[in-house]
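Note that subunit A is present in both complexes that follow, paired respectively with subunit B and with subunit C.
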Partner chain A sequence: MEWDWDFVWQIMPTLLEGFKITLLATVLGAAVAAVIGLGLAIVRRSPITAVSRTVGFVSEFIRGTPLLVQLYFIFYVLPDIGIRLSPLVAGVIGIGVHYATYTAEVYRAGIENVPRGQWEAAKAANLTTRQAWIHVILPQAVPPMIPALANYFIAMFKETPLLSAITVLELMNQAKSIANSNYRYIEPMTLVGVFFLVVSLISVLGLRWLEERYARMDD
Partner chain B sequence: MKTRILASAVSISVLAAIAGGISASAADLKQLKEQGFARIAIANEPPYTAVGADGKVSGAAPDVARVIFERLGIKEVVASISEYGAMIPGLQAGRHDAITAGLFMKQERCNAVAYSEPILCDAEAFALRKGNPLKLTSYKDIANNTNAKIGAPGGGTEEKLALQAGVPRERVIVVPDGQSGIKMLQDGRIDVYSLPVLSIHDLLDKAKDPNLEVVAPVVGAPVYCDGAAFRKQDVALRDAFDGELKKLKESGEFAKLIEPYGFSAKAAMSTTRDKQCTAAQ
Partner chain C sequence: MSVWSGYLTLILEGALVTLQLTVMGSALALVMAFLAGLGRLSRFFAVRALATTYIEFFRGTSIFVQLFWVYFVLPFAGLTLTPLQAGVLALGLNVGAYGAEVVRGAVKAVGREQTEACIALNLSRFQRMRHVILPQALPLMLPTFCNNAIELLKGTAVVSLISLTDLTFQAQVVRAQTGNTLIPFATILFLYFAMAWAISTVMRWLERRVTRSLDGVRT
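== the complex of A and B ==
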């Protein structure tokens, strides 16, 4: 059980390749989660009960089932009905939609925190619903949510190794395949941990800054 | 106070038991006899290794191992399913006492573990779509066709053969198990799924898909043999295993064990560990 630095340098380029895919999957997944989450939150407030109920049920369903199962479903079952996505696209959609159901709650809380009077004022100023959303409600609702959203994105980053189950060659999968052909787990798995830790620590610092910048705006 | 002393005594003895478990990881025959079972690593790749719906372990490799361990006085084998690539690290880490999974002898593996004499021999095969649209008959063909994607088990022989033939990493898809391999082939995610001949036949028999066909043996790929693999320091156990294996082979029982699965006893008996381990690959 000895640590071999030569081996570390030898496998570093392969791990970095995987790390790029991990970051790519996180960034794309975060974008999907941010956009779809907002959509879910707005549609869920729809005055049409059937619509808001359906969306509510769908998000409960997605939140109540494991991400791994959803990934398998998207990757192995959807091709049966003619939808064949590449591993990375399937992974980004899976992880993005899964986290969208969580970010939707953050958006909802943010939107509900905007005082009723703002809606009434928007109406009194003769703004349409669309204008009220874009110019009045969202600009006030979004900044306080940023730290909470960022928190979910960090959590999502740490879930990306699940994508290795659907053959995405991200960091974890690369490390596994290195371990598989060299019969050594200690260096590749330690490095995977280090990569994730470094990014998480940097993100935590960023998160603190975001909190100071946005969360206490109305104090 | 008394209970606290008792509790700490219990926890110390638990710790000692755990530590004992760790130090017992280097297996010798006497220890295995005393504990009454040997832990073997298997895959789930019929006909090499198979786990039935009821959890019963069969397949040619565990069957041979079970008989030999029994004759050595070890009544039972306890099998755990593992990825091919994780077997040798698992063996080295003391999670298994032996690997009996159709893990083919290759030079680098021979350096890492102590193999028994050859047990199961097989050539490599491709499963692909009917009519072989990309005209693939060797790993080299896959390397030369920039559109062809090959699926293979992670850390398995086929993955290494494909990489050695020059197929770039991004076109060698690591497939978790046989069923997913066939599914990915049917869905067009991969163009070729490569496994040993008997495994491919077994999978396709089960899949019953008229749109798939087999290329076997793969042109230019050698015939490989597996053996039971032991830790380097457990050579004594390996030698005992070899002794019983030799007797099985001579008595003809060996053929009776493996031939129903489709393996050739003659192929295994006509070669040796030394030849397999040093063969140019």
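== the complex of A and C ==
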């Protein structure tokens, strides 16, 4: 079968439609991962061992099992207990929570990198724990983490095709349905690959820039 | 309970396929990691360019897209693969690209003076790599290889989408036949986690073995 440019232009609008959903899922998933990851990292530092151990084990478990199965779990099992989510919401939660366990490690490393003296100074200045976190620790811990976080968000972007398995109409799913109805696989599948490759290569450049911009904060 | 034993057998058969994929995929990934990782350090521009292209390509698109491409597009180029072959090929090439960066990083992390000492001792390039650099680089690679192997294990879930009867696929079969969602998915999540745990245990053991021979060499 030959490569057919006419077919490519014909399917492009549908693919772009899917690509929008892919981007949407990535952005929402990244937001969920950024927030929940920070929560996990803070809870893991809890002085109550039972709490920190449990959170540690749950993160290990999520990181040790496939995202696809977790998505199935959220999409098929939760409705049994009365939580019915739309595919996109289920997908965003699944992918966000999965990557939150990774971003939590980034946050943890970043927080541990803040010198002890900062905590002590915050205490000496009579700040509450909450104030110490918000005004002293996090502003210093977050900038050096940005490149590592961005790295995980790129990884997350590449995982969004999995959402097609729970019927989200993103890029991969659009390509699959085009392929199945026209019985032409070469163009849609290759284009999906090209889309992802182009975005990844651009984001690698962006990542380099972020590294240059924020790596200096270490010194 | 006897009704479930049949389904349990089904799931265990799936576990076997997942295991097979993980082992064969890891073997291919290991070979590719060393080929491409050392290729990137080659003194020939063509070899470096080839290795870089391979790495960027496979890291830039997701395993899901690659798998579909291998399974659906390659047949048009006259290369028809069974689902298992396609799965092993895609997983091995994908994780191999990530592993290549690990190999490159570890080799570069071995001190320059080691290379200089080898030149002073008139060792050939091959001897230098085989007897001096790699034995010291290997312990640096193992922890990340462990993570890569777990990523590969998690990646195997995707092959269920090209109709390979792995754990995830079998869980879907059980779900379709019994209408029960919680038990099959909880079971396979547990099995995946057990496998991930087994991988990290084996890798830790391997790490101890490899570092033992280096006692007194590294500071």
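Heads up, the rule we're going with is that the second predicted complex is superposed on the first by the 218 of 219 C-alpha atoms of A that agree within 3 Å, B and C clash if a C-alpha of one lies under 4 Å from a C-alpha of the other, contacts with A are read in each partner's own complex, and residues count from 1 in each chain.
Everything below uses one rule, namely that a residue touches a chain if its C-beta (ideal position, glycine included) is under 8 Å from a C-beta of that chain, and two chains touch if they have at least 3 such contacts.
Please read all numbers here as calculations on a predicted model, not as lab measurements.
Novice: Thinking of the overlay built on chain A, is A:N173 touched by subunit B (first), by subunit C (second), by both, or by neither?
Specialist: Only subunit B; A:N173 stays clear of subunit C.
Novice: I'd like to know which partner A:L28 touches here: subunit B for first, subunit C for second, both or neither.
Specialist: After superposition on chain A, A:L28 lies in contact with neither partner.
Novice: Mind working out whether A:R84 is in touch with subunit B, subunit C, both or neither, as first, second, both or neither?
Specialist: Only subunit B; A:R84 stays clear of subunit C.
Novice: If you tally the residues of subunit A touched by each partner, is the higher count for subunit B or for subunit C?
Specialist: C
Novice: Between subunit B (first) and subunit C (second), which, if any, makes contact with A:Y76: first, second, both or neither?
Specialist: both
Novice: Can A:P66 be said to touch subunit B (first), subunit C (second), both, or neither?
Specialist: second
Novice: Would you sort A:Y185 into first (subunit B), second (subunit C), both or neither based on which partner it touches?
Specialist: Both subunit B and subunit C are touched by A:Y185.
Novice: So, does A:A165 touch the first partner subunit B, the second partner subunit C, both, or neither?
Specialist: both
Novice: So, does A:I146 touch the first partner subunit B, the second partner subunit C, both, or neither?
Specialist: Neither partner.
Novice: Counting contacts the way the document defines them, which residues of subunit A are shared by the two interfaces, the one with subunit B and the one with subunit C?
Specialist: Common interface on subunit A, subunit B vs subunit C: 76, 165, 176, 179, 185.
Novice: Per the contact definition, I'd like the list of subunit B residues that touch subunit A in the complex.
Specialist: 83-86, 88-89, 92, 112, 154-155, 159-160, 169-170, 173-176, 180, 183, 186-189
Novice: How about subunit A: which of its residues touch subunit B in the complex?
Specialist: 76, 79, 84, 87, 165, 167, 169, 173, 176-177, 179-181, 183-185
Novice: Under the touch definition given earlier, write down the residues of subunit A that touch subunit C in their complex.
Specialist: 1, 61, 63-70, 72-73, 76-77, 80, 158-162, 165, 172, 176, 179, 185-186, 189-190, 192-193, 196-197, 200-201, 204
Novice: Which bits of subunit C are touching subunit A when the two form their complex?
Specialist: Touch residues, subunit C against subunit A: 56-57, 59-62, 64-66, 68-69, 72-73, 76, 150, 153-158, 160-161, 167-168, 171-172, 175, 181-182, 185-186, 188-189, 192-193, 196-197.
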